[in-house]
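This report refers to the structure that appears directly beneath it.
Letters A, B and C name the chains as they come in the text, with residue numbers starting at 1 for each one.
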């Protein structure tokens, strides 16, 4: 076939990337002190240091692993002829991106030219992998795997830079990553989708762009594992008593969003029937919408209120906004990431503006340095991360920075997505034709019964 | 369609429930001390308290989350045309019930009009969600979601009351919840089913009441995750050295029940072929049957013996008792919860009578206060829960209370289930017709290929 | 049917095995001290001992549970008419084997005629269950469940003996079990397969030996959970700082193997299309290939290099070696365990020879006693396991022992597999005919729609 040469070149170039990664790891990456043997007879009074904090994050890490590999992978199996790609490309993409993320985020924090590798880095890497997986949801079925993976490499680098600015320069709170991860991934993906938009005469839905009965149930595997482990995602980077609040608030927000989703889905749908698209996606909007503020003192009622709002906005988004974007702007969004990640992330950012403006140091006490380090009156000596803070920032000022954070993130994501989309469209990548969309067969050996279908 | 108005009213009323929950949380629920920031410079000698116990239960909690949302949800996907409902309604129901459970259980334990929210509450909430999910198994495919959810709200309130009586007044041991959760959920569901029983001329099996090849494999997702994480369910509320025993005994009992199930299934089935219904369900009976006694000193052999008995009773139940109940009493039990939850829970209660009658304080030592607080000679000062105990109760007396516990629980469940069934039948709820049973189409948008089938 | 009597005898004999297990547990097994109540008022100065180590391994244990029961079970559902057997027999086999493993491994380590049962034993039991599950992969669809289970009982006993020799006599390092678990399971299974090889005129592929679209996606459930939790499998027995290295190295090796697998799969396949067999299996080869050395000081680059090699060898194995073995030697290997477990395990052993030869006590410091106990200059007093070491062994000598370890393991596995195969073939077991291969129907009640297919 004439496309084999393009495929070969594409896959070969990804192998080159993998080998470059090997070289970069050889050069730059060393085990962190926590992963290095310790002296048996330490000199002086120093007892062998015990690394208590890291082990306790391992269960959280494993929960996030399930979200990234099973959660995202299966959530995208809802397309009836794209299940190999959904589970396969998400695995491929995440495996490439986690290696890249350790490097790129490491370059921002390296000491003496060395990236120190510990459990923390691979937690961060899994979180970073969520970003291009979100964007992949917007584009699902309309790119080749080669396009997707090169897009992901660029996107993660830009994500790391934006996250650095948001967290370390603006010093915003965003423990669950709604701003830096979800908003970024969603708007980047939508911007790429805008660039890849079909011509007006090709704007009808794809022939295979739909679910069947089994693929819809398989997608629920993804939904449910994302739902279950979302409290771990939102709380993994929280410290102090904020970690328990992050767990509690995420759980309640998800529960409220889920109830709201079912009710709204029945109310706005044809014949008042429930819609699996809403159930698979909008039930999770509560996890996104509470992400930025989940370790704040929002109260259980705050979490539930956010969940209700998120479920409402998300279902209405699927029902009204996505069809509008597709029909009028020709921005296709296969999984509706705008409704699951984009708008709920903006809700979370707005909530963070409100709660930050109300924050008082005397309320946050021991947690102030972890949540709003810039509001500390002096730098926290005990802090071991790069966030030093201690600017004595006012609550109203912190609220302004939260607003700046979401604004800059959305802007960077859109500009980055436009650039990435231009590159995917106008450079040498093999592109998919309309009739090649949403089906595995072009890139996968598919059993015959499927071909006959 | 004429049924749309009924649907709208039903779903709207659930939204009202959600909003009432929001108000109740606003009024009554506050973060527990463990989830509140602590003073940076504590006065006097008090060091910042470390909350060591709760974090260690978080992995247990996440395991239970998988059981509730994936385990129950997928176990019920075995019906070939009811997979959206199985995974969807279980998510919907659990999301509503966990919010309700925090409130209702909180009302029993509130201090100064405040419900203190911590990880413990949401662990309890997940456990409480299991109760109506078990009952849902009995009724699967024969109620509307609206009926199911209102039933669940009533059931959980009654469950909380009964549990309070059993644990805090009778002071029974039931760490894995076989009595308070499994027996209650099963007999409540069966009593509802009795009330909703078909007329004699409609007592044949439903047209869609069966599995197909894929739906049976999907159900194994549920079975396997329930199996895997059952030791976490049974051990999460155990303390002291009893937690490790709970893990070990549950694991061994499950393993023995599984081997027994496969053997018995082959021996009693047509042409000695294995039956997926047994494999999906009876393999789990070992987890139920060991629940009440899993932290007792039953020995590894005790656990294995209980597992063998449970597997045997459960398979024979599916083979002989369920068909009898259906044919003679017209009590339909779609998932056979009587065989997976009901009878094994009674076995567990009987085991607890036997082991309690043999219990000696000098054997249980440090664990006595956690397992049999009423047998302590004086109240345990260190205990932080509401269980004070210290009545110097004799072993024989404790055995009697165990018997009382299961008796009262089954009675309350049956009376409650009858009341709930009457309400579902004779009040204004829209009911399903025979031909509407066991299929998604009435309440879900279903892809066309399914309709054609 | 004429085969019913054979089935009955087979299943009955497994029930006898279960009852013998019950007796052996009654006789030999007692809770370990860690699972026994402690004195409330300890005499003298001894505080109640806290068992800190074990609880921290519980999350690891639960991850491994998912691998054994969901991972292996679903990985084998790829055959389109063998899904009940894949998920069912793996559950049946594991449930029987874990009970047996506690006994058989306990007999090697018992004190005063008592096997002390703690969390450690059931972690070991789950790991032991992996061994016959790997062999089952080689034989999938070509044995009866009775043959499979009796094979597993023999295999696990032989595995325990070989492991004892490798770890406690040769004192090799093998923390992730690539030598003792993966190589053993793979070569044992291949040897059984050799004994059961078809006659030359029956050497064509089985009629049902293939996947369909849904079964291939279901198999990805297995792949992804194995991938996700592999770091837990490899690190569960590691101690000290080696545990974090085991996690990091396994993660990176898996990621690199995955990228390599996708690239190689596209490059060597027909029309450069990706092959689900490779994606389901070779992506995991990185976990096997790093297993033996994952807690060594191999560096992040070492882990990535091993992953690249493993992915390459595994895909090429599926593409070229498996067809050769099938066609020329008539060794069928249904899941390709030689490519996923066999060759990657040999790679891991070779890596261990290299890294052991470079090991310096002054590098491994506090971890030397855990990783290379034989290289200690004197026995480690603090060690509580049976591995005493302290022979002052040289690095070059350790390297030699690593080589001896893999050599003896492969030899024992092959001889054992030949004996087991002879027993399965020439004793009284009912055997499957060619046309009975790879389909559930002979041993399972299958819904009609499947029969019609």
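Here is the rule we use: a contact is a pair of C-beta atoms (placed from the backbone, for glycine too) under 8 Å apart; a residue touches a chain by one contact, two chains touch by 3 or more.
All values reported here derive from a predicted model rather than from experimental measurement.
K.L.:
Which angle of rotation, from 0 to 180°, maps the CA atoms of subunit A onto the equivalent atoms of subunit B, to the nearest 5?
P.N.:
Between subunit A and subunit B, the superposition angle is 120 degrees.
K.L.:
Since subunit B and subunit C are copies that touch, is their contact same (over half of the numbers shared) or different (under half)?
P.N.:
different
K.L.:
Between subunit B and subunit C, what is the gap in Å from one C-alpha centre to the other?
P.N.:
34
K.L.:
Two or more other chains touching the same residue: where does that happen in subunit C?
P.N.:
59, 214, 221
K.L.:
Help me check something: in the complex, which residues belonging to subunit C touch subunit A?
P.N.:
Contact set of subunit C toward subunit A: 56, 59, 63, 80, 210-214, 216-217, 220-221, 223-225, 227-229, 231-232, 240-245, 247-248, 251-252, 254-256, 258-260, 262-263, 266-267, 269-276, 279, 283, 297, 299-301, 304-305, 308, 363-368.
K.L.:
Where on subunit C does subunit B make contact in their complex?
P.N.:
Residues in contact with subunit B: 1, 4, 7-8, 11-12, 14-15, 17-19, 21-22, 25-26, 29-31, 34-40, 48, 51, 54-55, 58-59, 62, 65-66, 69-70, 73-74, 77, 83-84, 87-88, 91-92, 94-96, 98-99, 117-119, 122, 145, 214, 218, 221, 442-447, 449-450.
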